[in-house]
Each structure stands twice: as C-alpha cells, then as structure tokens.
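These notes concern the structure reproduced below.
Chains here go by letter, A, B and C, matching the order in which they are written, and residues are numbered from 1 within each.
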C-alpha cells in the first residue's frame, strides 16, 4: 500500500509505543494491559465490540485520558510526562465534529489555527477548504451545515496543523457516499509520511486501509495480525474471538 | 497537505510564551464572537438584572416612604451575583454539549491559559451587563449624585468582578462535569463569594449613601485586591485538575 | 501516629482530658466578673470545639493536596473524613455559641463575626458533600472534592477577615493581639479542654478512617467476586 513500510531497507521508526497500558474508572478496569507498536507510516485498524476499550485507547493516545498504568509514547514523547509535543503531533477525527456551531467555518479554522500556532494560517485554511469542497460555505455558520459537511470541516480541523499522526474514531460512520469519497481521497493523499490509528466497526474500510489489524475485547488484545487477511477470513476470526464479553 | 518530514515536530520552548498569548486571545475572541452573534445570553442576563431591580422595588415597598439608601449596595451586588450564576453555566454548557471541550483539550495549550481566557471572557460579559444595569439602577434607586466618587466605585466594581469571575470560572468548570450541573454552581460559589459581597456592598453603599473617597474605602479595596490575588493563584494551581479527564 | 497509640487509649485519653477540663472549668476557674457570669464557662468548650474544627479542615486541606499529587485514594478518604468531622464540630460550635448567646445576652442568634463565619463554614463544607454526591466516578469525585477542599480552606480565614467589615458584634474577643486575656487559672482549664478536644478529633479521625478503609476493602472484594 505504501512505500513507507518497505521493510527491506530497515524498519521504520516507532511512532506509537504502548506498553502494559491499563485504565480503571473507579473500580472498573477497562483496559487490562495493552501492548503494541505502530511504526511511522503504518495504519493500525482496531476492531472490537462496544465497551471493549477501543475508544478509551484512542483517547489515551490523544492525551484526553491519562493511563492508570503502563506507558504510552506518541511521536517519541510520553503522553503523561510530555503531553504538549504529543498534542502538536496528532490530529483527532471522531464522530463528534468538535466544531463551534455558531461560528463560521473560517472562524472555526482560524481559532484552531491560532491554538496550534499555524504560521501560514490563511493560505492553509483556503487550501483545505478548497480541497474539501467547502469554499462556497466558508462564511456560513456551522449550524447550517449538513452532517457530511461538518465531518469534512472536522477533517480540515484535524489536519490543519499538519500533524504526523492521525487518530480516527469511526470516521466513516454517518457519512453519505460523497463524504466517504472525499475522506478516502484525503486519506490517500496524506497516506505517505503519516501514521494512522483507526477505530472502526466498518470491517471493509478497516481492512482496506489497515497495514496492521487488531481486535480489542474485554480490555485486552484478542487478535493482531499484519494486513493481508481477506474479508471473509477476518469476519470469521472476529466472530470467533468476540464472545459475549470474554476473551477467547 | 504534507506534514513536516522526520524529526520532532516540537517547535521548542522559544515559541511557548508567544503561543500562550495568541491562544489566550484566540479563546477570548472565540467566546466573544459566539455570544455576541447569538446574543441570547447577554440579552437574557441584562433583562434578568433589570427585572431583578424592579422586583426589589416591589419587594421593599412595604411602608410609605421607606428609605432604601443603605440597601442599595446590597441590592446591586445580589443582582450581579445571581446573574453571573446564570451566565457562568452557559459559558461552559456549549463546550460540553458539542464536545468542543475535547477539541480545546486536544490543542497544545496550557490549561491555565484556558482558565484565564475563560475568566476574562466572563468578566467582559459581566462588565457589559453592568454598563447597562448601573445607570438604570442609579435612575431607580439613587437620589444623590455620586459622580464625584465614580473612580472609587469603578475600582471596587472591577476588583469584585474579578473575584467573582475567577472563582466562578473554576467552579463552573467543575460543576459542568457533574450530574446536577446548574444547581451545583450556586451551592459551591455562594459561600465562597460572601467575603467579596461583604466588602463590595459595604463600599458601594457608602459611595451611594454618603459619598466616600478612595481613602475611606482603602481597607475594603485592599481586601478585594488580596482576595483576587489569593484566589487567582489558587485557581491557577488547581485548574488543571478541574478541567482534566 | 498510626500504631503508636491504640485507638481505645486515644478515646480514653480524650475523655480524661475533657472531663478534667470540665471539672476545672466549674470548680477551679473563677466565675467571670463581667456580665456574662456563669454562662461564660461554656467558653471552655465552645472555643476548643471551634479551633478543633478548623484543625480538621486544615487536615482535609493537606490531605487534598496530597491526593492531587499522588492520586492515591487513601488521601481522599482522610480528606472527607476530616471534612465530615470538621462539619460536625462546626455545628456544635454553632449550637454552643447559640446557647452561650442566649444565656449571656438573652438572644438566640446574633449576626456577629465568629458565629457568622462558622455559619458560612457550615454551608461551605456542606457544599463539599453535595459536590461529592453528584459525581459518580471515584477518581473524578476525589479530584473535584480535593480542589474544593483546598479553595474552601483558603476561604475560611478570608471570610473571617471580611466579617470584620461588618458592624460591631457582641462576641468578646478572647484571643486578642495582646495575649490571651485570661487569668492563669482560666488558662489552665482552657488548655486542658483544648488538649482533650484535639485528642478527641484524632481519636475520631482514626476510627472513621479505619471504617472508611474497611468499607473500601469490602467493595474491592465484592467487585473481584463479580458483584
């Protein structure tokens, strides 16, 4: 899929390192010791039933949650000790757009550009709005946007500061086909030199993009494999491993 | 669309203070644009404050020619405090509802910068409301002119406002994350704000009723200054915990 | 402090001091020469209770800071046990204060500095409890409670200061700038009561903390058994 993972001339450096990650909310242990790595340029697709801990893991990579135990390193920085550089290096796309409904697209992007310290603010915003086909609605408040448009603008928000790592939380859910195409087109364009972690229920998309596949179940890794698994085999594997809450 | 090649993205500490100020301005600007565009919070708070004054009149008009002179400071500040209880919640409610708070926390921004920006935003709203409310209040309730003491009055106003907004912002951040969002804030804030109330109403009433210069009010002004300093520092130290996770 | 003195010993010690203090107050110390007369003797309990309440809130403050730094829930337990005891003592301050007020000045309530400060303190720490009750998740609850305990404690002396701006009150200022203002014999009784009250606080804190720790262990066991 991408040259960046050509392992013949030496493996790419580690972009994400997770070691013994645990998370408890009160007495509930949601993550029970995850360990995995993602190399630069890799694309990790994470599957699993609801409540398995997928989104929790992603949020920890994003520094929105702190680990209860274990270490998490993103772009060479520990998320607990050194969250600022991590935040500069990541972009987060979730089904919540994280956009201010009463602000226009331009105002939203200007805000985030200022927060991230994007130097070529205006040029970058214009470039992204064009790429995402939102230029015409640049000065309309986000409240008037459709779901697909909001998702597109959310993508702009996420890549505005040119992050090296993109974290995607079910990005295709709720999108109309046109928006899916735009998202996929964008992902293709930035595929090289970026590292991805995507949580998804969409097995087809997960397999299409992923260079590594993982199933998280009951707070543990139930299955991991490099890409190359076809849809049917994977579905079988999925059903085999996901058993009403217990890890097989 | 390409990201920077290789190496650490970290722009280094040199950019940090400059970044903080720019981020501060960005947050304040964002909040101001948002509220002034929809206007519903500002308008509601102004209406509330004016209505409260009218209600005070009817509530206290028990005896013919009752003299409210020494109640004026109290009436004014009670009104402002209750208006802020409404406004503080609103300033966070939307961040929470649209998950914008996540978006904000994802940014490489010091949590303290967020605190200061939010406090200043709330302060601006309070000042706007007061700009409308004080003249109306003067019209309704104050007989004698206090124009000579306008400066001390404004100083007291500003200092008390800072205290209310700083503590209010900190506590609103906490209460917005709990089950009984709106009801919790008054319970938490009101006991803490009593010292401000005492000092501010004392000073304000003196100005309205008898006229007082900065010298007469020095003790109260210094107290408010001290209050603001202490709690700004306290909020500074604890805000990270209030807004995190 | 923990294993040094056993819990029952602490309670007995507290009891001894308090009762001694009481006896001294009644038979050793002179009857107050001012208008208050015999009722002044409630002072030997009223003030120690007040000071002990503040000590409890101080412990809660320190424990709150410790929790924020370590994220260890045992500090949270100490914090809210202390707040609870402090609140209890504060209510007692109000009650004894009101009794004193009635006996000495024939009025159940007066809006004067000490009493109103403690009234506010009661509301403040009652708010602490309300805050705890509306947060479901343990760590978050402990974090918010800790932040509030810190802010609240800082606010107590500030509130006291602020009440000085209010019009003059009836409450005699005992510990004034120029010394304790008490005669020798009065001071002894007062001091003994003070020690007794402090010992009582320590004993109660120990006991309550032990109970809370036990409760916590039970919940842990329940969870691990799949409860």
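Definition applied: a contact is a pair of C-beta atoms (placed from the backbone, for glycine too) under 8 Å apart; a residue touches a chain by one contact, two chains touch by 3 or more.
The shown structure was predicted, so the numbers you read here are calculated from the model rather than taken from an experiment.
Undergrad: Please report the smallest number of touch steps linking chain A to chain C.
TA: Each step joins two touching chains, and the minimum needed here is 1.
Undergrad: Per-chain Cα mean versus the mean over all protein Cα atoms: which chain has them closest together?
TA: So the chain sitting closest to the middle is B.
Undergrad: Going by the touch criterion at the top, tell me which pair is linked by more C-beta contacts: A-B or B-C.
TA: Per the contact counts, A-B leads.
Undergrad: Using C-alpha centroids, which chain lies at the maximum separation from chain A?
TA: Centroid comparison gives C as the farthest chain from chain A.
Undergrad: What whole-number Å value describes the gap between the mean CA coordinates of chain A and chain C?
TA: Between these chains, centre-to-centre, one finds 52 Å.
Undergrad: Whole-Å distance, chain A centre to chain B centre, using C-alpha means?
TA: 38
Undergrad: Averaged over CA atoms, how far is the centre of chain B from the centre of chain C? Could you give it in whole Å?
TA: 32
Undergrad: Which chain B residues touch at least two other chains?
TA: 244-245
Undergrad: Two-or-more-chain contact residues of chain C, please, as numbers and ranges.
TA: Only 136, 139 qualify.
Undergrad: Quick check: in the complex, which residue numbers of chain B touch chain A?
TA: For this pair, the touching residues of chain B are 1-5, 8-11, 15, 19, 22-23, 25-27, 29-30, 33-34, 37-38, 94, 98-100, 102-109, 244-245.
Undergrad: Of all residues in chain C, which touch chain A in the complex?
TA: Residues 136-139, 219-220, 223.
Undergrad: Using the touch rule from the top, collect the residues of chain B that touch chain C in their complex.
TA: Spelled out, the residues of chain B in touch with chain C are 167, 170-171, 174-175, 177-180, 184, 187-188, 190-192, 194-195, 198-199, 202, 219-220, 223, 226-227, 230-231, 234-235, 238, 241-242, 244-245.
Undergrad: Mind pulling up the chain A residues that touch chain C in the complex?
TA: The contact residues of chain A facing chain C are 25-27.
Undergrad: Can you tell me which positions in chain A touch chain B when the two form their complex?
TA: The contact residues of chain A facing chain B are 62-66, 75-77, 84-85, 87-90, 92, 94, 96-103, 107, 110-112, 114-117, 127, 131, 141, 157, 159, 162-164, 186, 189-190, 192-194.
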